[in-house]
Each structure stands twice: as C-alpha cells, then as structure tokens.
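After this come two complexes, each holding subunit A, first together with subunit B and then together with subunit C.
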Partner chain A sequence: MADPISDPIGFSLEIMTSPLFFKVAVFPGLTSIGIIIALFIWLDRKITARVQLRVGPLYASPLGGVLQSFADLIKFAFKELFIPRNADKFFFVAAPVLALIGGAGLVGLIPFTPEWQISNLELGLPAFLAFVTLSPMLILLAGWSANSKYPFIGGLRSLFQQTAYEIPLWLSAIGVVMMAGTMNLIGIVQAQSKPWVIFLGLSIPGWYIIPQALGALLFFITATAEMERIPFDLPEAEPEIIMGWQAEYPGFLFMSAAGASFVRLYAFSALFSVLYLGGWMGPAPVPALLWTAIKIIIVSSLIILLRATFPRVRIDQLLRAGWTYLLGLAFLNIVITYLLVVGPRI
Partner chain B sequence: MTSVVSSEPSESGSQTLTISVGPQHSGSGHMRLIIEMDGDIIIRASPDPGYVHRGTEKIYELRNIIKNIPVIERPAIIDASNLNHAYIRAVEELQGIEAPPRAQYLRCLLNEMNRITSHLYWLSIFGVFLGHTTMFMWPLGDRELIVDLQEKLTGARITHSYIVPGGVRRDLPQGMKEEAIKRTQYLEKRLEEYDKIFFENPIFTARAKGVGKLSRDEAVKLGAVGPALRGSGVDYDVRKDEPYAAYPELDFNVCTRQEGDSYARSMARIDEIRESCKLIRQIVQKIPSGPFRRKAPIVVPRGESYSRVESARGECSVYLIGDGGDKPYRLRFITGSYRNMAIIAPVLIGGHMADMPTAWWSIDYWPVEADR
Partner chain C sequence: MPDIAFFGFAAVTVLGAILALESRDLVYGAVSLGVSFLGVASLFFLLDAAYIGVFQIAVYIGAVVILILFTVMLVGPAKGEGPTEFRRTALFIGILVAMMLGVGGALASPSAFSTNQPCTPECDLAQFSQSLLVTYSVQLAVLSLVFAAAVIGALTLAKSERGTA
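Coming up: the complex of A and B.
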C-alpha cells in the first residue's frame, strides 16, 4: 500500500498553487480556452458581418456585442439534451466531447512564450499533427453513432477529406523541421531568431514565412481543410447534407461539436504563428505574450476572411487538388528547402 | 441498430442510399426530392411537390374579379406583378377594353422591377447553396433599393395589387424618374462587384460549369420556360415573341446562353437583371403623358380569353372563362415553376450529391408558385 498522505489539505493546496496547475486550469489551459473560443466566435461573426455590409452582434454588451457568444453558450446549456432513439448513445455523446477535449489538448502543446507552455515535448510538432489526425475518426464515429443518413454521409466525407489534406499537411510542416533542425516547438521559434538579412540598418527577422513561403501557403490551406471551415466545410455542408455529422446533436452536444472546430482554429492559428511567424518574437516594447496574441489574431482573421469570400468546393475537386497540386507543391517545397539548407554548404 | 443503407442492390449490383431531401431540408424549400444515390452519384431523382397546394384555382371561382387580384399575387409574392399582369390582361381581353398608354408603361416598369427583385432573391439563395455567405447577404441588401422603389410607386413593398382592369392604381410619383435612374445605375455597378467575388471565383466556376446539363433539344421537349430554357440556348421570351403592354416600343435583348449548364442558367439571369435596369431607365424616360386609368366594368362577359406574360421564372399563362357574372367561371393559371418541374430530375441525375443544390436551384423552381 502506498504511503498515506499525512496532510491531505496541505497536499491539495500544494498542487493547486503549483505553476503547472495554474497553466492547465487558467492560462493557457481550460479557462482561457473557453473564453478565447467565445471571443473567436464573436470575431468570426463580426468580420463576416463587416464583409457582408452588416453590423453583426451588437446588443449583448456595450462593446459591439462581444458577450453574444457567452449568451449563446448559456442558451445552449439550457436546451434539452435530446438523444435520438436509434443512436448508439455512448459514442453519440462521447464523440463531440472527445473532439472538444482533443482540440483543447492541441493548445497544451503550443508555446505562447517559453514560460507559458503546458507541455514542452521534444517531438512537439509531430505530437500536434498526430493529435489532429484523430479528429476525422471522431467525426466518423459521431456520424455513424447517430444512425441517420445525413450524419453518416458527413462522417464519410470527413474521412475522404482527410486523405486529401493529411499528407500535404505533414509534408509542408517537414520544411520547417528541415530548416530548424528540431521538432521541438520552442526550438523552432528560437531557430527563427537570427535575422535573415540586414538591409540599411533594418534587420528583417528570419521568420520562416520568407524562406518557407510555399510551405506556409500549403500549411494554411491544408489547415483550413482540417478545421472544416469554408471553402472546405464538406462534412457539414448545410444546403447539401444539413450540417452533416452535427445534424442530430442537441443543445450542449451541438455546442461541443461546433466549438471543437473553433478550438482547432485557435490551435492552428497559434501553431502557424509558431512555425512561420516567429512565435513570441517581436520588437522589445511590446511584451512577448502580446506578440503571440497579435499574430494569432492576424492568422485567424485571414482564415475567417476565407469564409466570407469563397464558396464550398466539391469533395472530388478537393481530393483531386489534394493528390495533385497540394502533394506536388509540398514535394517541391521540400526540394526548395533542401537547396536552401544544404545549398550554401556545398 | 438498423442500417441506414438500403438492402436491395441496384442495377449495377452495389447498394444504394435513398435519401429524402425536404420538406425540412435547408436546401429544398416547400417540397421534397427523393434521391437515390449510388456512392456519391445520383441515379434517380423524383420531385414530390404539393406541400403548399392551396387550391387557388377554386378560390378564384368564388371571388369577384377585383378581389381576385391579391390572391393571384400570393403564389409568388416576390414576383407578384408579373403574375397579376397575366390575369389582368385576360380580364381586359374579355371585357374588350385596353389600358391607356401611360398605364401600359407603368405596368412594364413594375414588371421589370419585380423581375430584378426576384432574380436578386434567387441569387442570394444560390449563393448560400454554394456555401458563399457573402453572396447571400449582398443581393438581399441591394434588393432593398428596388423594393423601396416599388414602395414609392405602389405603396407596398411586395404584393402591390398595382395592376387593375383599365390601368394601374397610382400615377408615377414625383422624383421617381431620377431615383429609378440613380438606383439602377448603382445596381449595375454592384453587379460588377458580384462578378468579382462570385461569378469569376474559380471555385464557383468549377462548381457550376458543366453541372446539371440540359441540352437544347431536351429543354424544348420537356417544355422548360424562362431563364432555364434560355440557358440552353433557346431564344424564347414572351416579351419579344408575343409583345404585350409597352414592350413593343422598348429596346431590349433576350439573354440566352448556349451551354445549358447551371452556370449558363445563372448567367442568363444576371444578364436579365442588366437588361431590366436598362428597360427601367428607358421606361421612365419615354413614358407618355395622359391618364393612367380608365373606367372598367366589374363583370366578366361571357366568353373565353387567354393571355401570357414573361414572369421572372418563365412564361405565365392565364386561361379565363367568363359567364357574365362578377366572378370567373373558370380560371386556369399556369406558372413558370410548374412548367419547369419537368426538368428537375433530368438536371440532377448523373450528378454528384454535392451538385444537387447547384443544379436544382439554377432552375429557380419556386414550390409555392408551382403548387398554387
């Protein structure tokens, strides 16, 4: 038998006051993820509204309706939890909740600054992408367990879509690993600290967005496909298959399902700024954490703007593009990176 | 758990999935499409209309000819005046009267404004069917300009009941001419922006070109009308082929496209919006002075009459039998959507499931108008 804890209250207090507990529970962990996701939903609605010459959320706070998504969250929480009779109840409930948790797990790998990171894995980048690979499985599970036709089609579409974007996503990330020489996310940011060129006294930062421009573009496109956002929201295409795998979900479970996509938007924007935009680095007067925040907002705004400007692609078009253009360009990017890394040494 | 896949194998030996699109489907409207899919390919499609059938043809027999006007407009409230125009022309033919020239111009003015609002409404739904949320909001916003103009002219935003036997209800209001010219010119500028964000968008052209093919012969054989027919390259427009009201004196083109796919049908409609803008400017500049209404009897004399007009969704025809009373003895009312129901299945079969909203809505089938 293990040693009994002699002072349970003291032990609990010790855990709760430890820095790791604060990171997991508050920032960058659970509480902050919840608040940031609500803000992202608001940003999504507000930016799209401005493009469409509308106002967007307005009344839920003095500050341009910023509390609207909190109000929606409360509304969803009070809805009846209705589960279809023919559904496989366990997996039906588990799939969206696991998708939300899996998305939150991604955030735990992101270094917002060297101090503000929950888990600094030596293989941070592959761990992140491996986590991402799980989400189409959960969507198929959700679609299958609902035992209804439209969710079933949505689940299958999600799996098809994964075969189109998954390989180019990994291959485009390999370019960064080749340049940085490490798979650790903090190491990747630190590798970008050396200035690229010094021109007229101005040092242009050595962020990988410049040498990895093609890779960054590919990563951006494939990440959008992974998040299932327009133009790649095939598994939940509303006019075709009425929200696809989300069709049967009620109140709170629908919120988890829809929220999971926004958690991934948050995590991928953060990963993009780490891989290509130099993470927390920036001119001195602005604190490091704020630089990360600024970069995340810029990247996610770009992804949101895609929703306002593009129609939805068709599944066969996406598969064709994935297996020809995206894959070919990803290999080309690796060749270019090889020449950039090894070329000067020859 | 019961399986969602049907157990009977199809002709090709594989299992098929039969799904019911509508009437609660976000891409169907008030109707149902029963679709059978082999993988992602639609092998059978059968439209199931009738969810909004209200027996209007019977209702027309029970009301006097003036009180029939609002009921005639209800099947397609976004295109009310064109439907009304067909009815009033049949009534006037039977009564043996003709509206004064100014009224003929005012009728055409409202008809063209209705054509624009109806096509913009169609465009916004077409946009959201393709997942383009901006194309959902922009046309609905710009439609307000023309709807306000309709309100200025008739006093009502939609369902104007403006065209009455013997003329129109109200004269052209002050400042209407300048306002109409300004707003149509603005709309033409906006159409160029639509082109940039939507119609020239590579994803849109990839989704719409070659989708929902309907050949010229098939379109004629199945009796398609309106932009759905003109998108297949048939140069048929009642306004040109059997001119009515002020259309013989106006200069406009019939917008046709040769390809016969979803893209051609949508572009035929966008070209029509441009033509209607030109027509509105012509009408307010050329409109003759004089009375806008003359006295008309309240009865329908004994006899038969037939009239047809070009509504936003195609040819709309009215066949009226009068028995000398104040109510129609019989009124047959055939709308564009009813005729176009025949081409729904041919454009869907052989396409992907994802092409269903694109191909289906490019016909602009309006279930309420078809069911009546």
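Coming up: the complex of A and C.
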C-alpha cells in the first residue's frame, strides 16, 4: 500500500514540474495535439481549396485565415447538445469521445525525437497498430447508437473497410520490423541512420522508403483507408449517406468525431515518417524536432492532396482491392524484404 | 503499488465478464466482453508480458469482439428486445469456473512459470520468433482457431436469441 503523503502541496508541485507531466500535458501531449489538430483542419481546407482554384478560409487572421478552425472550435463548444430521442444515449456520447481519446493516445507512442516521446514501449509499433484496431468498434457503436438509417450504414461500411485494411496494414509494417530487427519505434529510426553508398562516395540517407518502397506505398494506402479519408471515405460519403456515422451528431460531439479523424491523420503521418522517412534524422543545422515536423507536414499534405484530387471508390471495389491486390502485394513485400535481409548473408 | 493496479484490473476484468453475461442488451454485452478483455490485457502488461498484452488487444478486442458485435447487429434481435433466460445459471457457472481457474492458477504459478530463460523486455526478437514459430508452431496454429470459434459462437448467440424471442 502507498504511504500517506506528508506534504500534499509539495507533492503536487513536484508532479506538475516533472518532465513527464510537461510531455503529457503540453508537448507532445494534449495541448499541442489540440493546436495541431486545429492547424491540420485549416491545412486540409486550405490545400483542398487551392487545388480547386478556390481561396478557402480567409478572414480569421491576416495569415490566410489560420484562426478559422479555432473560431469553429469555440462555435461548436457553445452549440446545443441535441441527442435524438430514440438514440442509445450512453454509446452515442461515449463513442466519439473515446475515439478522440484513443486517437490522442496514439500520438503518445510516437518518438518525435528520442527525448520527446511520452511512452517508449519495446513493442511500440504493434501497440500503435493494436490501438488502431479499436476504432472500428467505436465507429460501429457510434453509428448503431444513433438509431437511424444512414449512421448505421456508415458504421457497417466503416467496419467492413477497416477490418479489410487492417491486415495489409500490419503485413506492410512487418517489412520494416524485419529490416530493423526491432519493434521499438526509436530503434526503428536508429536502424535507418546508416547511409547507403551508391558509388564513388555518393551516399543517400538510409531511410526505409527506398528498400521498402512497396511496403511504404501499401502502408500509405491502407493507412489512408484506416483514416477514412477520400478516396476511401465511404463511411462518411456526403453525397450518398450524408456524413454516414456522424450524421446525427450535434455540436461538441460532432467536433469530437471529426477531431478524432484528424488526430489519426496526425498520428499516422508521424508513424509513416518514423517508419519510412527516418523520423528525426536529417542534416545537422536544422534541429531534430523540426525535421520530424517537416516530414509530418509533407506526409499529411500528400494525404490531403489525395482528398482534393481523387473521386471516391465504390464499396465493392474497395473490398476487392483490400482482400486481393493489397493482401497479395503485402505478402510479396515480405518475400522481397526476406531476400533483402537474408540474401546478403548467403 | 502493483497490488492496487492488480486489484483494479482484476475488478475491471471480472465486472466486465459479469456484465457481458448479465446485460439486457446483446450490444452492451459484447462491449462489456471487450472491456473484460482489456482488463486481461492490462494484467498481461502488469506481468511484463507486453507481447501477449498487445496481441490480446489486437486479436480479442480488434477481431473477436468486433465479429460478435457485427453478427449481433446484422442478425440479432432488434434494439430494446427482451433478454433471454438462463442468465442466473450462467452467472453461477461463470463465477464457479473463474474461481476454479483463479485458484488453480495461484497454486500453479510459482512452479509453472519459473523458466531458465526469462524473456525480459530486452528479449531478442529473433529468438522470440524462433520459439514462437518453430518450437510452438502447432500450438500457434491451434490457437488461430479462436477466430473460427468466435464466428460460430457469435452466430449461435444471435440465432438462439432470435429463436426464443
């Protein structure tokens, strides 16, 4: 049993000034996640608008409307929480909030630099992917609890899609584990530190995007599907099932549901940069943390560009692609990686 | 401190299991089963068996509970339909089995889990894979039948509910 605390105020101060508390509360934890999500929403709207020759958010602040999503956040906070009469109240409220919390938990596993990481698990990569598997359950519950047609269709679509794409996601990540020999995310980045010499002393960074090109492409596609972003946004499909599982959500709960998908965009972009782009590695004058940030912004901008460019796929095309082509290519990637890892030893 | 954590997770596991049997709505029952599995995973983490804990979450919650939920929602009773019989007997049997397993596990633990090569968190991944895929490959293949069991169980559950309703 724990000893009674003799000096409660001093004890609380000690906790609040500890590095772990700062990490969880400020960076890379809760406060920074909130601000970064608002900036991601702005980036999403702005990039999509520029691709489509529109202006996008403009008026809120001189910097191209960067404060627009903060204004939206305040607006959502003051809206009425309207819960449909026949809805299952518990899951209707709990599911989007839990999805948001679960998404924020994923960020805690990401090493932004070796120092800036909340939880350094030996099994960081499978832990991340395991927590991702919880989300289809929450989305299905969210869709079911509204007791309405379109949300339920959206929830079932999400379940089909996410369970079909989880398997290629895990299999494509196995290639990285085989090359690095560890599942620890810091270890995976450190394994990419040795540059490859091509010829005449010319070298390129040893990032896994080069030997794992197929795996990286598969991971990118399946992660986009897991995030339910266009072209894989069938569970939300606005013209077909009017926002799908989010259709009945009011103010704050809609913000949680929409925020959850952007947290996942953030977490998956960070994971992609850790697995394939060498994390915080980069030439010296730029600090390590900034390299991580640059890579995350590049990956997430690519995902956002897909949204501005591609039409939505149909559910049968999506599932066929997931269970046949992507699964087959993921196994092919494992075979290629096996030859790359074991080949030189023979 | 581990004692408090252990009792907390054990309470979550047992309460989740009881709710899974006792809840009026099958959807709530399935979610309670997921909470119970999460408690089991936490207990594995507490035992430094992080690998099993992570895959407990991925396989049992990520796949088995979702299969059950999916089946219940597609072919199960409508929302708000009444509960089925035999709940008290099931609860009694469940508690009995849990107690037997708990006592058995407690008796067996000091002798059964003392190995010469404890796999610490710094355990070599290659060595671990070797033991999993070479030494215990048959057991692993048998374990993978859990998905088949989950599908059959979920179908039976949903079908019998509909039959009595």
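Quick note on the criterion: the second predicted complex is superposed on the first by the 339 of 346 C-alpha atoms of A that agree within 3 Å, B and C clash if a C-alpha of one lies under 4 Å from a C-alpha of the other, contacts with A are read in each partner's own complex, and residues count from 1 in each chain.
We adopt the following convention: contacts are C-beta pairs under 8 Å (C-beta built on N, C-alpha and C of every residue); 3 or more make two chains touch, one makes a residue touch a chain.
Just so it is clear, the model here is predicted, and its values are computed rather than measured.
*Asks:* Considering only touches as defined above, state whether A:136 meets subunit B (first), subunit C (second), both or neither.
*Replies:* second
*Asks:* Going by the contact rule set out at the top, does A:309 touch subunit B (first), subunit C (second), both, or neither?
*Replies:* first
*Asks:* According to the stated criteria, A:270 is in contact with first (subunit B), second (subunit C), both, or neither; which is it?
*Replies:* Neither partner.
*Asks:* Contacts for A:147 in the overlay, against subunit B (first) and subunit C (second): which applies, first, second, both or neither?
*Replies:* Touch partners of A:147: subunit B and subunit C.
*Asks:* Regarding the shared-chain residue A:237, is it in contact with subunit B (first), subunit C (second), both, or neither?
*Replies:* first
*Asks:* When the two structures are overlaid on chain A, which partner does A:296 contact: first (subunit B), second (subunit C), both, or neither?
*Replies:* Neither partner.
*Asks:* Now for A:163: first (subunit B), second (subunit C), both, or neither, which partner does it touch?
*Replies:* Touch partner of A:163: subunit C, not subunit B.
*Asks:* Which partner does A:52 contact after superposing on A: first (subunit B), second (subunit C), both, neither?
*Replies:* It touches subunit B, and subunit C stays clear.
*Asks:* Figure out whether A:88 sits in contact with subunit B (first) or subunit C (second), or with both, or with neither.
*Replies:* A:88 sits against subunit B and subunit C alike.
*Asks:* In the superposed arrangement, what residues of subunit A touch both subunit B and subunit C?
*Replies:* In the superposed arrangement, which is not itself an observed complex, subunit A uses residues 88, 147, 152 for both subunit B and subunit C.
*Asks:* Which subunit A residues qualify as touching subunit B in the complex?
*Replies:* 48, 51-54, 86, 88, 147-150, 152-153, 230-231, 233-234, 237-242, 307-317
*Asks:* Touching residues of subunit B toward subunit A in the complex: what are they?
*Replies:* It is residues 1-2, 4, 17, 19, 25-27, 40, 127-138, 141, 197-198, 201, 203-204, 206-207, 352-357 of subunit B that touch subunit A.
*Asks:* Per the contact definition, I'd like the list of subunit A residues that touch subunit C in the complex.
*Replies:* 1-2, 88, 91, 121-123, 126-127, 129-131, 133-134, 136-137, 140-141, 144, 147, 152, 156, 159, 163, 166, 177, 181-183
*Asks:* Can you list the residues on subunit C that touch subunit A in the complex?
*Replies:* Going through subunit C, the ones touching subunit A are 1, 3-4, 27, 31, 34, 50-51, 54-55, 57-58, 61-63, 65-66, 69-70, 73-74, 79, 121-122, 125-126.
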